[in-house]
Amino acid sequence: MARPDGRQPDQLRPVTLTRKWSIHPEGSVLVEFGETRVLCTASVTEGVPRWRKGSGLGWVTAEYSMLPRATTTRSDRESVKGRIGGRTHEISRLIGRSLRACIDLKALGENSVVLDCDVLQADGGTRTAAITGAYVALHDAVTWLGERKALAGKPEKVMHRSVAAVSVGIIGGEPRLDLNYAEDVTADVDMNVVCTGDGDFVEVQGTGEAGVFARDQLDALLDLGVLGCMELTEAQRKALS
Amino acid sequence: MARPDGRQPDQLRPVTLTRKWSIHPEGSVLVEFGETRVLCTASVTEGVPRWRKGSGLGWVTAEYSMLPRATTTRSDRESVKGRIGGRTHEISRLIGRSLRACIDLKALGENSVVLDCDVLQADGGTRTAAITGAYVALHDAVTWLGERKALAGKPEKVMHRSVAAVSVGIIGGEPRLDLNYAEDVTADVDMNVVCTGDGDFVEVQGTGEAGVFARDQLDALLDLGVLGCMELTEAQRKALS
Amino acid sequence: MARPDGRQPDQLRPVTLTRKWSIHPEGSVLVEFGETRVLCTASVTEGVPRWRKGSGLGWVTAEYSMLPRATTTRSDRESVKGRIGGRTHEISRLIGRSLRACIDLKALGENSVVLDCDVLQADGGTRTAAITGAYVALHDAVTWLGERKALAGKPEKVMHRSVAAVSVGIIGGEPRLDLNYAEDVTADVDMNVVCTGDGDFVEVQGTGEAGVFARDQLDALLDLGVLGCMELTEAQRKALS
Amino acid sequence: MARPDGRQPDQLRPVTLTRKWSIHPEGSVLVEFGETRVLCTASVTEGVPRWRKGSGLGWVTAEYSMLPRATTTRSDRESVKGRIGGRTHEISRLIGRSLRACIDLKALGENSVVLDCDVLQADGGTRTAAITGAYVALHDAVTWLGERKALAGKPEKVMHRSVAAVSVGIIGGEPRLDLNYAEDVTADVDMNVVCTGDGDFVEVQGTGEAGVFARDQLDALLDLGVLGCMELTEAQRKALS
Amino acid sequence: MARPDGRQPDQLRPVTLTRKWSIHPEGSVLVEFGETRVLCTASVTEGVPRWRKGSGLGWVTAEYSMLPRATTTRSDRESVKGRIGGRTHEISRLIGRSLRACIDLKALGENSVVLDCDVLQADGGTRTAAITGAYVALHDAVTWLGERKALAGKPEKVMHRSVAAVSVGIIGGEPRLDLNYAEDVTADVDMNVVCTGDGDFVEVQGTGEAGVFARDQLDALLDLGVLGCMELTEAQRKALS
Amino acid sequence: MARPDGRQPDQLRPVTLTRKWSIHPEGSVLVEFGETRVLCTASVTEGVPRWRKGSGLGWVTAEYSMLPRATTTRSDRESVKGRIGGRTHEISRLIGRSLRACIDLKALGENSVVLDCDVLQADGGTRTAAITGAYVALHDAVTWLGERKALAGKPEKVMHRSVAAVSVGIIGGEPRLDLNYAEDVTADVDMNVVCTGDGDFVEVQGTGEAGVFARDQLDALLDLGVLGCMELTEAQRKALS
C-alpha cells in the first residue's frame, strides 16, 4: 500500500526551517514539514515569574495555537470561546517540557523565554514540527542573550542538547514515519517521539487510536521515531550553521 | 521632516497581495503593507446563522487577531486571558462592516463567509491592510461558490463593488499616507479611510490622538485617504486578474 | 419627509443636564436627549494604575453599559453572559478618548477618574449623550478635587477644553441632526461627531450603514455635527454656571 | 440612642413608588426607600424556557444588580470581572422566589416575566426595596398581558397575593425597622422579612452579623418586620390604585 | 402520614462524624446525616488576605461544592461551565458566616483557614451537614495551630462557641426535623436553623417553597430546629472528646 | 536504596476496589492505590451528543478532578478560577481514550456514559488509579444497561477487553513500579502505561522529568508497567466476580 504522497515508509516529508521569518522576535522560525507550516517565535524577557525569583534559574514555556482556518474546515477561535481546549493545553505542555529538556536553566540565568508556536497551516504532525522549529528559535534567542552578555553561563552551556520530534504510526500494519493528515486519521497506532540530538528520549507518547498495540509494534515505532529525529537534528544543524 | 523610511508624504509603502497562500481556505491572501503582514482567509459554509434562516440573505463576518509576537513586545493571547479585548472587538467589527458594504447579500444567497484576518507581523496599518486583503480573499471565495453554482445571483453581481482601506495621519503638521508604527505613535491625528473602488466612502474614523483637529486638516486627510485607496484598488485589480 | 417627532432637520431634541442626580459620586449627571436618558457618574480615586505611577500624570477612563430593558426588547446582561460585547467595548473606548481630549492629565496630577455611563433608557444617540453628560460630571469631579487641593494644576487648566458629541445621519437623502432610534435604524449613513467647545474635532466616525456615501454628503454631515455640538456646548455652559 | 435620621425605631423611611418611570418595559417602577433608589422593570416575553414548555405554567425570574457608583465607593462591574458575585446571585434568587410566591403561574399561562432590579443609588435595604417595587412592576406587566388577552386566567387570579419586604435589625440592643446603610453596618443582627399583604411570611432571613441572637430578639424582629411590610403593602395599594 | 424512613417527626437521621478522614488537611471530617455524606476539610495557611494584613485578625472562609454525581441525576461541573452557580455561592457564604460566628478572629491571629465542604453523596440537608462537620474540622485545625504555638490567643478562646445546623420543614401540615431529599422536594416550608451550642441563633433562613407560612408555623419550626441543633452539638462534643 | 514505604521495586501498593460506594450512580467504585483514593462514578444517559445521533454508536467520556485539599497544600478550585487547567484536561482526555479502548461503542448502542474520577486524596498515580477504577465502574454501568435491555449488543461484547493502568519510573537509576508522591517528585523518568487484560498497550506516555532516557531504560519501564497492569487486571477480576 503506497503512501498518499508516494514516500517510503521511513521517509520524512521535505523539511524547511526558515530563520528570522519575523522582524520583531529574538528568535523566529517558519518550520515546514511538507504542507504543515508553523511559525515559532521566541520572546525574551528579563526576569522570571514571581514564584521563581531569586532562584538564579531561568524559565522557558510554550504556547501552541492554530489559526482558525489552518485546517480543512474552520474551527472557532479559543479567544472567542473564552477558554482553551484540552488538545491545545496538552500540546503546549508537551512543547514546553521538551524544550526545557534541552536548556540549562541555571546557565540561562533569570531570563524568561516564551515559545509561541502558531500553526498557519496544518497537515499532520503540527506538534512535532513545532518542537523541531522551536528548538531553532530558542537557540537564536539564547544567542541574542549571549551577545548582550545577559546569560549566567556560556551560550553553548545553556543549549547543552538539541531536541527534535517526529510522529510515527502504524497504517494497515505498516510502521510509517512522519504521518500527514490523511495518514493520521487512518492510523491504528499513533506515536510522537521527542529525541535529543544524541538519540536519547525526551518524551514518548503512543496511543492506540483504533485499537491496541503489541510490544513488537511499539519497538518498530520507536526505531522509526529515533531515525526521523536524527534526520531532523541534521536539518536543525544546517539551519543554525 | 523626512519620513522614517524616506517615503513621500502621499506615498504608500510597497504593497503585495499573495493569493492562495494557504491550501485549505476557499480564499486566502497574504497582504503586506511594508513590514505589516496579515493573513486573510475566507471560509465558506453553507447556510446562515439561525436568526437569518429563510431570509434568502447570506452573511459575511470578520475576526481580527494578532499573533502574540507580531509586535515589538509580546502580548498575552486573548485565548489565555479568556476574553477578547476592546481593540480586537472594534477592529473585527470595522472589517466586517466594510466587507459587507461590497457584497450583495441577496445575490450571495444563504451562504456564510467568515473572514479571518490574523496579523503575523505588525508595523502600523494592520486593520487597513486586513480590509484590503480580505476583499481579495472574499472575491476568491465568491468565485469558488460561483464555480459550484452555489450563489443566488451572478458572481459579478455578488461582488458589486470593491473595497480598500488605508490609514492617514498628521505628523508635525504634515498629512501623511499609510503610517508605519513609528509614525503612528507620534501622530497628532490618526484616521482610517475605507473607500469603494469608485472613491465613495464606506467608513471614516478620525481621532485626535494627541489633541484636536480643524476642518481643513480633516479635509486634507480625506483627500489623501481617497488617493491611497485608489492605488490599493488598482493593486487589488492586478492581483485578481 | 417629516421627522417622526416633527423636528427640523437641523434641530436637536430637548436636552437636559441634571447635575448632582446621585449623592455618592464626586460628579453625577443625568443627561437626556429627548427620551434617551443616561446616568453619568465620575468617580475619583487617589493614585493611578500601576503602569502610570510616578509619571506625574493622571488617568481618565470610561465604561458604558445599558440596563437590560433600556431598549424596546430586553437584552441579556453582559455580567450574566460573562463577557462584554464588541459594541460596549467600542463605545466605552470612544467615550474615554473623547474625555481625555478635554483634560490636561499633567494638571490633573496622579488622580484617576472613572466615568460610568449607564443608559437607563435608550432612544438613539446614547453614546453622544453619554459624552456630553460625562463632560459635565468630569467637570464637577475636577472641581471637587480642586476644593480639596488635590490637583497638580489649577482647575481651569485641568479642564482646558469642553467636549460634546452628537449623531448625524442621512435619511432618504436628507442630512439630519441628532437621530432618534426610529431614524437611526433607517439611516443610510450614520455619523458621530465629537467636538470641542471651539468647534475643533476630537473624533469623527462615519459609517455607510446601508450603502456608501460621497464627499459632499460627508461634508454636509460634518457641518450639521459641528452645529449640534455648538448648541450642546451652550447647554453644558448653562448647566455648569 | 437616636437613629441617624431621627426616625422612631419602628418608623419606615419615606417610601415612593413611581410607576411608568421608563417607556419601554411592560412594567417599570422607581422605588425609593429614603435615599435608596432601585429601578424595577418587568419584561414580558411570550413562551417559557425550553424545560417548561407544554406545562401550561408561566415563569417569573429576577435579576438584581448595582450600578458601579450606586455606593459610597465605586465597585468594579461584574460584566468587566466576567462573573457574577455571590451576593448578587443570592439577592437575585431571593427576589425571584419572593415574586413567584405572589403569582399563580398556571393562571399566568406560558408567558415569562423577567424582573430587573437595578440599584441606581444604595443606602441600605436595596433588596427589600427591590422586592417591594418589583411587585408593582409585575402587577403592571400582568395587567398589560390581561389587556392583550394573553393570560390563561383572570388578572386578579394571576396576582392572588401582594408581597412586600423590609429589613429589620438590632442596634445597641434596640430592634429597628428599615435600616439605612449607616445602621446596617453597625447592626448586631440583621434580618430581611418578606410578607404577603395578609401578613403571612414568604421568606425570613436572619443573620447574627456581629454575634448571635436569642429567641426573644428574633420574636421582636419578626413583629417589627410584619409591621413594616403592612405599611409597604398600603403604599403598594395606593400606587396601584 | 409516616416519614419515608420511618422516623419520628422530631427525630434526626443517624449522624456520624469521622475525624481525620484524610491525611493531608489540618482538619478533616466525613460527616453523614443518613445517606448525605460531606467531606469537610480545614486548610490552614499562615497570613491573611492582603486587605486584612496588619489587622491582627485571622480569616475563615468556606467553599461548598457537589461532585457531579452526588445526586440522582448527573449535574455538569461548575469548572466545566466556567462559572459558579447561584446556589453554590449562596451556600458557601452561609457556611462561612456560620463558622465565623464560632471563632474569635483576634485570638486566631493572622492565620487563614479555608473550609472545603465537598458533597460526596446528597440526600437532603447537605448545607446543614456541612456546617455541622466543618465545625469539627475547624476545631481540629485550631488545635493543630495551638500545638504549633501559632495562635494569638488560647485555643479554647479561639473556639469560644460551637455551631451546628439542621433543616426543618412542614410537610402535609406537620413540622419535621432533618428532611431527606424525598421530603425536601415535597415540603411546603423549608427552613435552615444554625445554632450555637448554647441554643442561640446564628442564622435562620425560612422559605415558603410552595406557599406562605404563618407565625405559629414559624415558631414550631424554630423549636424543632433548636432541638435538632442541641442533639448535633452533643454529637460534636462526643466526636471531639 | 530502599523505597519510602519499604516495597520491592516491582511491588504495587495495596490496591482496593470498593464497588457501589455511592447509592446514586449506575456504577461507582472507590479505588485506592495505597493512600491515593479516587471516587470513580459511571453515569448513564440515554442517547448520545447531537453530532453522533443516528450513528448507532454510543459515547464514553471522562472527567478528572481533584478536591482542593486532596494534596499536601490546598489548590484553588478550577470552578472558582473559572477555567480548567492544562493538567486536568490532559488527564481527562487520557482516561476517556483508555476507557473507549475497552468498549465496543456499536454494541453499547446510542447510550452515553460519563466517567467522573474525583481524587479525594492524592499520593501519586491518581490518573492510573482513576483508569483502573473507572473500568470497574463502567463495567457495572454496562451491566445495569444490560439488565434493562438497553444495549445494542450483549454485555460481554460491549466490554470486550479490560483495561488497567500503572505508573513506573526510574529513581536513582532503579526502575520502580507504582510510584507514590515522594518518589514521583524525585523520579528522573516517569511513565504511565495503560494495558488491556491481555497485555497489549492502549497508551504509553514517558517523560524525562529531570533529564533524558535511553532505549534500555525505556524497555525496562515497559516490562515493569506490563507486569503491574497484569496484577491490577487480576484485582479488577476479583472485584467484579
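First chain written, first letter: the chains are A, B, C, D, E and F, and each begins at residue 1.
One rule holds for everything that comes next: contacts are C-beta pairs under 8 Å (C-beta built on N, C-alpha and C of every residue); 3 or more make two chains touch, one makes a residue touch a chain.
This one's a predicted model, so the numbers in the text were calculated from it and none came from an experiment.
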Trace the shortest sequence of touching chains from chain A to chain D and report its length in steps. 3
Looking at where chain E touches chain F, is over half of the residue numbers used by both copies, so same, or under half, so different? same
Which whole number of Å gives the spacing of the CA centres of chain C and chain D? 33
Cα centroid separation between chain A and chain F, in whole Å? 28
What is the distance in Å between the mean C-alpha positions of chain A and chain C? 50
Check: chain B positions touching at least 2 other chains come out as 82-84
What is the sequence of chains around the ring when one begins at chain D and proceeds first to chain E? D, E, F, A, B, C
For the complex, which residues does chain C have touching chain B? 83-87, 89-90, 92-93, 97, 101, 161, 191, 196, 200-208, 211-215, 218, 222, 226
Residue numbers on chain B that touch chain A, as the complex places them: 22-25, 28, 35, 39, 41, 43, 45, 63, 65, 67-74, 77-84, 88, 114, 116, 118, 120-123
